[in-house]
Every structure is written in structure tokens, then in C-alpha cells.
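After this come two complexes, each holding chain A, first together with chain B and then together with chain C.
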Partner chain A sequence: MNGLVEWGSVLVLLAVGFVFGGRSERRHYKSIQNRETKLLALPLKSETKLQVSEIEDVLLVTGSVAIASDYLKTFIANLKNIFGGRLSSFESLMDRARREATLRLKDQAAKWGADEVIGFRLETSTIRQNGIEILAVGTAVKFKKLST
Partner chain B sequence: MILTTIDQVPGRQIQEHYGLVSGSTVRSKNVFRDFFAGLKDIVGGELKGYTELLEETRSEALERLVTQAESKGANAVINIRFATSDVAPGAAEVFVYGTAVRVI
Partner chain C sequence: MKYVPKPDLDNPNVSKSHPLIDLAFLLGGVTALALIALFAFQKFGERLVVLLPAEKEAAWLKNLSVEKEFFKVSSHWRTERELNELLNDLIKKTQFVSPYNFNVKIVCDETPNAFAIPGGKIMVTSGLLERLKTKNGLVFTLSHELGHFKGRHHLKKIIRSVGMSFFTSLAGFESQSQALTLVSGLLNLSFDREQELAADLLAIELSKKYFGGLNGASELFEVLSKEESLSSSIPSWFLTHPHSEERIKVIRENSNENQNEIEKYQAPGNKSLCL
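Up next is the complex of A and B:
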């Protein structure tokens, strides 16, 4: 009887993870794509050199996100762990987190009126057992505008 | 105070170096937030409580770095790097470091 309840709850949690996790992932990807197109005009570079020498102002910009995997993803990852190989369920989680952090950084830079973001860097750390935290940092630069 | 992640301040000239400055903070969140984060492990999604916590911790660490740089007489910090680590369950440490300089 106990075993039955245990297996039943695992199945319920898997179903919840499948339904809610899948839905939130699809929604998240849609919103990421929308915002990425909007912010496409702002150049983002990991290099540290600038082509323009007339600078008005610089600002440190950051974007961060903490994200958790759902029960189904964790379950699949644990299963795959036995045989090894690609954990595609976690790859999409990392991808979403990185893009979200990057978008938040670009958002902050765009609001400030940046013309370019240079020295861009991404950092990853683990929080809890199956959560990740991504930090995006960069230097936003505002060019001197020609006065008319 | 000008802060950059690159080895210079765009459009300015570095006059003097003051060496490494750093700032660090360790923070923990309350149990309620932790409980909700536990629920998120089932359905997935963003851990807003954690995002906020890390953001607050980060700005506090940055403030400490700025204070240290100011006490050295610098007006800019270049090459800023962040490092985050898990020191205890539910607590996060943020360490930030950079090079203090004077620019003109």
C-alpha cells in the first residue's frame, strides 16, 4: 500500500512537471524571442575595444536570473545520469536562463540610453540542488552626439 | 564613481593605479521564500525570491567595493568581476573585485 502511494505521488509530480513545466517553458521562449527582436538594435560585444573614441558616459550594467528545473526534467536527468550522455532537458534550462539574463542587461542598458555594451560576460552558479543562477555583466557606453 | 568591466574607462585616460579593491556580502533568505522555491522545484520556472536576493546582495557588495575605492582616493574601478558561491543552504555569498584607478 505504501509503495503504491509513493509511486502514485511520483506519477502525479511527473504529470505536474510535464504540464506546468512544459507550458512555462514554451511561454518563456516566446517572450524571450519577442524581446530579443525588440532589443536587436543594441550591439552587445564581449570584446573590450571600442571603434568610437568620442564617449559621453559609461555605466556598469547587470542582469541576473535564478531559475529552477521542474520535476520531470530532474527525473529525466537522473535517469540519463545512469547511462551518461547529453541532458537536453537541462540544456534548454541553461539556454533560457542565459538569454533571460542577457535580455535584462540589455533592457537596463537601453533604458539608460546606451549605444553599445562592451566587455560582456556571463557567470553561472548553482543554487539549491537543481536551480541555477546566471549573472550577465557588461559596460554600457553612450557616444557623444553631434550637436546641431 | 565610474565602474567598468573592461581594462579602461572609455574616453578617459588613466592617471594612477591604486591596486585591487573588493567587496563581499553573505545573505540568507527567510524560510517562506525557501518554501516557495521548493514548490518551484516541481513546476519549474523563475525563482523570483532568489533573483531578488542575489540582486540585493550584489548591489551591497558593489557598494562596499565603491567605499573601499573612495577611501583610496580613486574615482573609477575597472576590470570588475563578480563571483557567487553557495556558502550554506539558502545563503549566498557575492564577491566583487576590481582595480581602483584615477581617471581624467
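Up next is the complex of A and C:
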């Protein structure tokens, strides 16, 4: 009996992971694509060198995000640990977290009125297992406007 | 360089595989691995366990009196002695060589049955003794159990159940779970039937040597087939034992021309065996 209950609850959790995890992922991707199109015009560079004479103002901008995995993704990943291979179930999580963090950074920079963001870097840390954390850091730059 | 904004085209960072297909492959792989491991354990264990000397087996089990802990044994010493004398006579006359020191005990149980217990103990139920009317049937029953000892079937069965319970506990099931007993039972059925047929063949051989022919040898199965009326409609691959009719047929196929005499033997009834 015990075994049936255990396997039953695993099945329920897998179904919950599939339905809710899948739905939140589809929604997130839709929102990411919309905002990426909106913020496309703001250049984002990893390069750090600029002519100081051109700069009017700078601001450190960050975007950070933590996304939880769902039961299905974690279950698949745990099984992959037996056989090896790519943790493909986590790839979409990584992708979403990276793009969301970048978008938050760009959003902050755009609101401040930046002309571009330089020195862009992505970092990751672990605050808990089965979740993904990404921190995006950059320097938002306003250029001197030509006086008319 | 002028910056021209352009949207992401194809995203190489995310695999296109569907999670449920991944899951199906992985679960299938894990299950297959576990089944292969179970199969290997059982095959290897069966090969290994027959190497255990019978003396060792008996010595290990000396302190575990299976018959006292699991069964109610009849204290009717006279019948027990008669059965043991018959068994010794059978072993002597047929020159059956075995490392075991055999011993017959009567179990108080209404259902007709007989079984082999590790260490060389043959258990016969009082219900079977009550129903058997001839020495031929009794000799066939005892030599069938000798057949189980010859093939070390009792040890192989232990290996089977150890492997199975390890496998089920790994899967998170309690070994007593009903659903699981059913599944593991089904997996072992053909194995059981093979063993029963092997034991039958030895019983046929010994009965032929003892009586000269197979007249009356099928009495055991005639008794059992009366109890079987319910199961006879079930296909044989659902049963631990082959149908009694099939087993009678095997006896008939193996019988020789020799018309041996059927010798009467009647043990005391169930009531006097088990007060």
C-alpha cells in the first residue's frame, strides 16, 4: 500500500510540474519576447572602454532573478544524473533566467535615460538547489548632447 | 560602427526535446537496468546457491525449527515413524543418493499438500494423509519432494524471493504489499511450474524403481484435482503448479507395460492425527 501511495504522489507531482511549470514557462517566454522587442534599441556592450570626454553621467545598473525549477524538470535532471548527458530540462530555465535578468537591467537603464549600457556581465550564484539565480551587472552611460 | 538593433533569431541555448519524451526514455532505462540487475542476481544466485553443501545447509538451519515456528506439527509419533520408515525404504530400494538427512513430519492442516523445507525436512499435511488410500500415492508424494531436494529448489526459491524483495524495497514498496505479491508471484510462476515438473519426473523414476510400474502413482493428483475444480478453468501460466490433469498425463506418457500391484495404505484421519 505504502508504495502505491508514494508512487501515486510522485505521479501527481509530475503532472503538477508538467501543467503548471509548462504554463508559467510559456507565459514567461511570451513576456520576455515582448519586452526584448521594446528594449531592443538600447545597446548593451561587454566592452568597458569609453572616451571619458564623451560621458555626461554613469550609473551602475543590475538585474537579478531567481527562478524555481518544477518537479518534472528536477525529476528528469535527477534521472539524467544516472546516465549522464545534457540536463536539457534545465536549459530553458537557464535561458529564461539569463534573459529576464538582462531585461531587468535594461529596464532600469532605460528608465534612467541611458544611451547605452557598457561593461555588461552575467553572474550566477546558488541560494538554493533546484532553482536558478542570475545577476546581470552593467554601467549605464549618458553621453554629452551636442549643444545647439 | 553603427549599432543596428536586431531581434534574437534562433535560440541555440534551449534544446527542442519534449520533457515527457525525455522522462519516458529515462524511466524506461532505469526500469530496464533494474530488471536486468534483478535477473542477473537471480540467475547468478541460483548457480551459486546449489554449491552450498547440504551438511552446511542443515547445520545452519539446526537451530531454526521451522516446523515449530510456522506449522502445527502432529504429535502422532506412530504415523510419523511409519512415514519415515517408508521414506528410508524408498531411498534404500531406489538407491537414491543424496547428501541430505531426510525426515518426514506431519503438519496439521486440512488442505492436502506436501512441501520441502531447507535442511531435508519433508512436510506432509494431515489432510493429504487422510485422503491418500494407497502406498503408491504416498511414495509418489515423498519422491516428488525428494525431487525438489535433488534440484535444490527450496534454496533457489529463497534466492528468488530475496532478489524480489530487494527490488521491491528499492522501488519503495513494502514486500508484503498485495499488489506486489501478485506481480512477483506472476513473474515466478513459470519457474515454479518448471520445478514441479522436474520433481514429478524424479517421482516417476523412483516410483518405477520402487514398485516396478506406475500403477496408482497418479493418486496424489487425483486427490489434488478434486480441490482444483475452481482453478482448472484458469490457464496454466497463472498457476504455481501445472494442472493435475497435465501431470497425470505426464505419468501416463512415462508409464511402462508393467502392471504393478496397488498396495493399500491408510493413515489415521485428520482428527486422530491432530487432536
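Simple rule for what comes next: the second predicted complex is superposed on the first by the 145 of 148 C-alpha atoms of A that agree within 3 Å, B and C clash if a C-alpha of one lies under 4 Å from a C-alpha of the other, contacts with A are read in each partner's own complex, and residues count from 1 in each chain.
We take it that a residue touches a chain if its C-beta (ideal position, glycine included) is under 8 Å from a C-beta of that chain, and two chains touch if they have at least 3 such contacts.
None of the values given here were measured: they were computed from a predicted structure.
Give one word, clash or fit, describing how chain B and chain C relate on chain A after superposing.
Aligned on chain A, chain C fits beside chain B.
If we overlay the two complexes on their shared chain A, which of chain B and chain C does A:Lys73 touch? Say first, second, both or neither.
both
So, A:Ala110: does it touch chain B (first), chain C (second), both, or neither?
A:Ala110 contacts neither chain B nor chain C.
For A:Ser53, select first, second, both or neither according to whether it touches chain B, chain C, the two together, or no partner.
So A:Ser53 only meets chain B here.
Once the shared chain is lined up, is A:Thr37 touching chain B (first), chain C (second), both, or neither of them?
second
Counting only touches as set out at the top, which of chain B and chain C does A:Val141 meet: first, second, both, neither?
In the superposition, A:Val141 touches chain B alone.
In this superposition, which partner touches a larger number of chain A residues, chain B or chain C?
B
Mind working out whether A:Leu122 is in touch with chain B, chain C, both or neither, as first, second, both or neither?
Once the two structures are laid over each other on A, A:Leu122 reaches no partner at all.
Check the residue A:Ser89 against both partner chains and state whether it touches chain B (first), chain C (second), both, or neither.
After superposition on chain A, A:Ser89 lies in contact with chain C alone.
Once you lay one complex on the other using chain A, what is the shortest C-alpha distance from chain B to chain C, in Å?
Result, nearest C-alpha distance in the overlay: 14 Å.
Which chain A residues are contacted by chain C in one complex and by chain B in the other?
Shared contact residues on chain A (touching chain B in one complex, chain C in the other): 73.
Across the complex, what residues on chain A touch chain C?
Per the touch definition, chain A meets chain C at residues 1-4, 6-7, 14, 18, 22, 36-37, 40-41, 43, 72-73, 75-76, 79-80, 82-83, 86, 88-89, 91-92, 94-95, 98, 116.
Considering only the defined contacts, which chain B positions touch chain A in the complex?
2-12, 37, 40-48, 50-51, 54-55, 58, 62, 80-86, 89, 92
Which of the residues in chain C come into contact with chain A in the complex?
By the definition above, chain C touches chain A via 3, 5-8, 11, 13-15, 17, 19-20, 22-23, 26-27, 29-30, 168, 171-174, 177-180.
Residues of chain A touching chain B in their complex?
Residues in contact with chain B: 13, 16-17, 20-21, 24-25, 28, 48, 50, 53-56, 58-60, 62, 64-71, 73-74, 93, 100, 118-121, 123, 125-131, 133, 135, 137-139, 141.
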